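In this document, chain identifiers A, B, C and D correspond to the written order of the chains, with residue numbering beginning at 1 in each.
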Amino acid sequence: MGVTCVYSYPVPDGKSGQAVVEILQRQIELLGALRSGHFCVDCDTFQSILQTSINVQPKTVYILHNSEQPASCFAITDTSLCLTADTLFDGLMHQLKNYYQQRKNAKMEAKGQRYELGDFILKVGSASLAGSFKGIIVEVEYCPCMVAVDCWGLMKELLQSVVGSVADQPPPILKNRQDELYSPSITVSQYLDIFNNFRKLSATNQIGR
Amino acid sequence: METESKLKSTLDQIEHINQAIRHTQRLRTHVCQIFRDIGDGLGEAAKSEEEQQAQERQKVLLGSLRSSLETVGHDIGELDKVGQTLVPVSPSANCDHVSLDPILDRTPLYSQVNTSYKRTNKMHEFASLAANILSQNALKRSPHQHPAGGKRVKRHMNTASMVPQAVVDQLVATLDRQHQDMRITVSRPLGSCAVMQMVLGRVLKAQVVLRGLVIEWVKVKGINEEFSTENGKVDIWSKSRYEVFQKISDHAAAAMLHYYAPFMPDIGIRSFTLWLQGYSNLFSAPCHKCGKYLQNAMPPTWRDLRNRDPYHDGCRQ
Amino acid sequence: MQAPQSKEEKQLDAGLEGLITKVHDLKNQIAAFINKLETEYETLNWPSMLDNFALMSGQLNSLKQLLRGDKMPALRNFVLFPVLLSQDPDPHLEKLTEGRVVSCNHDLVPDYLRTKPEPEVEEKINLIANKAANVNIETATKQLNSLNKITSNLLDIINSSKDEWENDAGQKGSQPQTSQQQDTTNLVAAVTKGLRLRRPDPSMQQMQAGPIHSMQQVQNPRPGMGKMPSAIKTNIKSGSAHPYQRP
Amino acid sequence: MEGAGTSYSNAFRFVAPLQEHLLQGSILDAHCEVLLHRLRGLCDNADTTPETFSDYEAVYQLKNNLATPASQYILLRVRQALDHPEAPHHIRYLGQAEVGDKSRHTLVRACFDVACSSNVRDFLNELGFKLDHEYVARGYFFHKGRMKVMVSKIYRMQQPGKTDQNTLEPITQSHMVELSVVAPMGQDSIGEEMKNFAEQLKPLVVLEKFDHKRLP
């Protein structure tokens, strides 16, 4: 439960996502990291069906789970307020079904291999929207440190040996909260940010077509 | 006939040896008991009690101490008596019985003797090497190992480890005030020995066990780890779950020996604390030598003992 | 061997048969009771013990009635005597007695066919009978009286304490109530529906706007919330834009 | 889409629905001491002093404009321990209490207890919940096996959000007494156990299944 950086890794044209993931995995294994199982982060979207007046935007709540915190559930509003609760919260959302409804075909997931390297935890995986591949996600966690601004230099050094210039800057979410004591909810917020970017991208792609 | 009588005498001998071992065990438990009594001392509770009660307690304690000393004397006498009946066993004496073993072929005697001989030889070698090295480094922290030291020295040694609690408390309070980014608290879970808890900024926690003003034990853990067991007792043994802090614990133990100053005990603690404070930039400072943050996935875990410059473990001179 | 039976003999046979069945019943009852005592002693309660005793005494009574009945010839007038004593085991006898008596020998017969108690027992009975006969009537009445007195005294004590006890219980019932139905209702209503916990007072609401500032901020962008139709009538007069208005 | 890519944390998510079995009553303050003594004797933690608690509960309401009257609003209760500020907050959802027939000895209602971080109140506001009412409950807590007994005083808060002792006002001269068990669906035998326990508190407190529909 230390500082974590999550990046989406661009897939160059003409390469399949799987191939890029394999290249990254080889890179990480070359650093001396050991495989330690798999990871999974998933995100469900709930939308309010409450119409108080016509010009009010419907509200959205994202429910995320992270395999690193298997007994917790994270709920993030569209104003990026993050509630950390235990997994029974899913049941509670079910009770709210007359007010908030799960959006169909909007489940996003990031799955892949988890590695350990000293006090680092590295994860490489692919993100998918409703089962179709959307992009590559790289996560690096440095467990002993709780303040992002302290260990950014150190993280950057490790990150650049894996993903190169993608990690020139801290992830935007982390950048705003660099001085806080780190908590898992920041990790989840980073994932949500990346998921939303993927979503937007696919939406514009569809419009473009 | 001859072997029979030999066997009998051997059996006798074994019986004597057994007896001697039993006496030794008893002696040991009693001596242990004495040390425990002394170690517990009057405890913290004595402080708060009335003068008279404290005196009474002291009397009880002294009484029990005397009686246990008497038992120890008695035990020594017994042991002496048994010891006289023991005859020195010549190392080859048991070899005679080897011929009695009917299944000689199946006993891997030779190879066993061979390996144990080799082992003993090696151990001897290592021991002499270690003795050589240790004699060069004067790290003797116990007052009893100073046969050469004069009377004056001995008194000084004693004062370092026998300081009233108030002095320790005061020193810790000053340290707490001196270091802005460090929070230091003291607890005494086992009577007179103080345990210092240090929290360094948002980087690490350290636990220092003091005997008087002598640092006895140091452990370093992460800021999100605890120094207490689940039932709230102070836990000085468990190590950090992070490799970084395990490494720093080792370094801190080395530093504690380095800063040990028997004549000015408080200087030892002060300089150790100052050194430990150098870890406030543990994650944010690159190595002074190689200019990098990471080496073997570890930040620079070593701080120079003089100027507190950060180095990787592999980059130290 | 069987000679034509006389009327008397027939009667005897019938009587004996009845007697045997009754005794058999009694024996079974006792056996069942012993079995119960041995196997269920942990769960056995006093009433069921009493039931068993009552059953047995009933059977004894009916046995007695049978003996005294008109149909029963005077058994006293018959003599039973052993014709042959033998040390050899008799399988027929063994079967008849369920394995209790193996042979009809000299050891058993005197005990089994005894019509009078043993001499020592007889002596004891005589002794006690004599003693009873010798008691002075006066002392006897005296003792009787004192016993009666003690008993009635005891009865009085028990009755009075029983009265007291019942009174106590009665008083408990009449003690001041430890709970009030109305309070229960109020509490349950407050906890489940928030009754009497809401703040309808507008002056209170004004104060409320301060400490929970964030709520107001949240609400301002959605002015529609305040204009919901009112379901519960409250006496709010200070305006509909108020953050704590209950719709 | 579910099922195709479910994570292993899914196993934790769908637990059997829980139900709360409940009996309620009250006791006048003057006799509360007697009740506490009796409860100490009856319950498990007899050797220690009874556990006290001081909780602040805020009830939030979310309204709906759906036509069906059954789902016009939903209430969520947020509870926080005032005496243990480091403890997590709780969200509690309680369903409609069912009285049932004679054969059932207790009220039964659906129950969801979720521990959560302390920003839950802001979160509910974001979701469109409105604070409906709030109160402070202080009192004692006992347990016997899986039965939970709470003897608590309910206070109205004179100033919103303030839980200091001097701004609290008790709403009755009685303590509330609640006997409850949270158990998975379908364990009706617990009712018998609760009834027997309630029987032992008579005539001091009459614990009964209090029909919430009867409330004004």
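By definition in this document, a contact is a pair of C-beta atoms (placed from the backbone, for glycine too) under 8 Å apart; a residue touches a chain by one contact, two chains touch by 3 or more.
Protein names from UniProt, one per chain: A = Mediator of RNA polymerase II transcription subunit 20; B = Mediator of RNA polymerase II transcription subunit 27; C = Mediator of RNA polymerase II transcription subunit 8; D = Mediator of RNA polymerase II transcription subunit 18.
Quick caveat, the model's predicted, so the values are computed rather than measured.
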{"item": "A-D or A-B, whichever has more C-beta pairs in contact", "value": "A-D"}
{"item": "Innermost chain, where centres are averages of C-alpha coordinates", "value": "D"}
{"item": "Separation of subunit A from subunit D, taking each centre as the mean of its C-alpha atoms, in whole Å", "value": "36"}
{"item": "Distance from subunit C to subunit A - Cα centre to Cα centre, in angstrom", "value": "71"}
{"item": "Rounded Å distance, subunit A centre to subunit B centre (Cα mean)", "value": "48"}
{"item": "Intercentroid distance (Cα basis), subunit D paired with subunit B, Å", "value": "53"}
{"item": "Contacts with 2+ other chains: residues of subunit B", "value": "none"}
{"item": "Touching two or more other chains - residue numbers and ranges from subunit A", "value": "52"}
{"item": "Junction residues of subunit C - those touching two or more other chains", "value": "225, 228"}
{"item": "Touching residues on subunit D, where the partner in the complex is subunit C", "value": "24-28, 31, 34-35, 59, 63, 94, 97, 122, 125-126, 128, 130-135, 137, 154, 156, 159-162, 171-174, 176, 203-206, 210, 212, 215-216"}
{"item": "Of subunit A, residues touching subunit B in the complex", "value": "1, 31-32, 117-120, 142-147, 149-151, 153-154, 156-158, 181"}
{"item": "Interface residues, subunit D side, partner subunit A - complex", "value": "1-2, 4-9, 12-15, 17, 62, 64-66, 71, 74, 76, 91, 93, 112-117, 119-120, 122-123, 126-128"}
{"item": "Touch list for subunit B against partner subunit A, complex", "value": "202-203, 222-224, 242-245, 281-284, 286, 292-294, 296-299"}
{"item": "Residues of subunit A touching subunit D in the complex", "value": "40-42, 48, 50-52, 59, 61, 65-67, 70-71, 73, 75, 77, 79, 81-92, 95-96, 98-100, 104-105, 107, 109, 111, 128, 130-131, 185"}
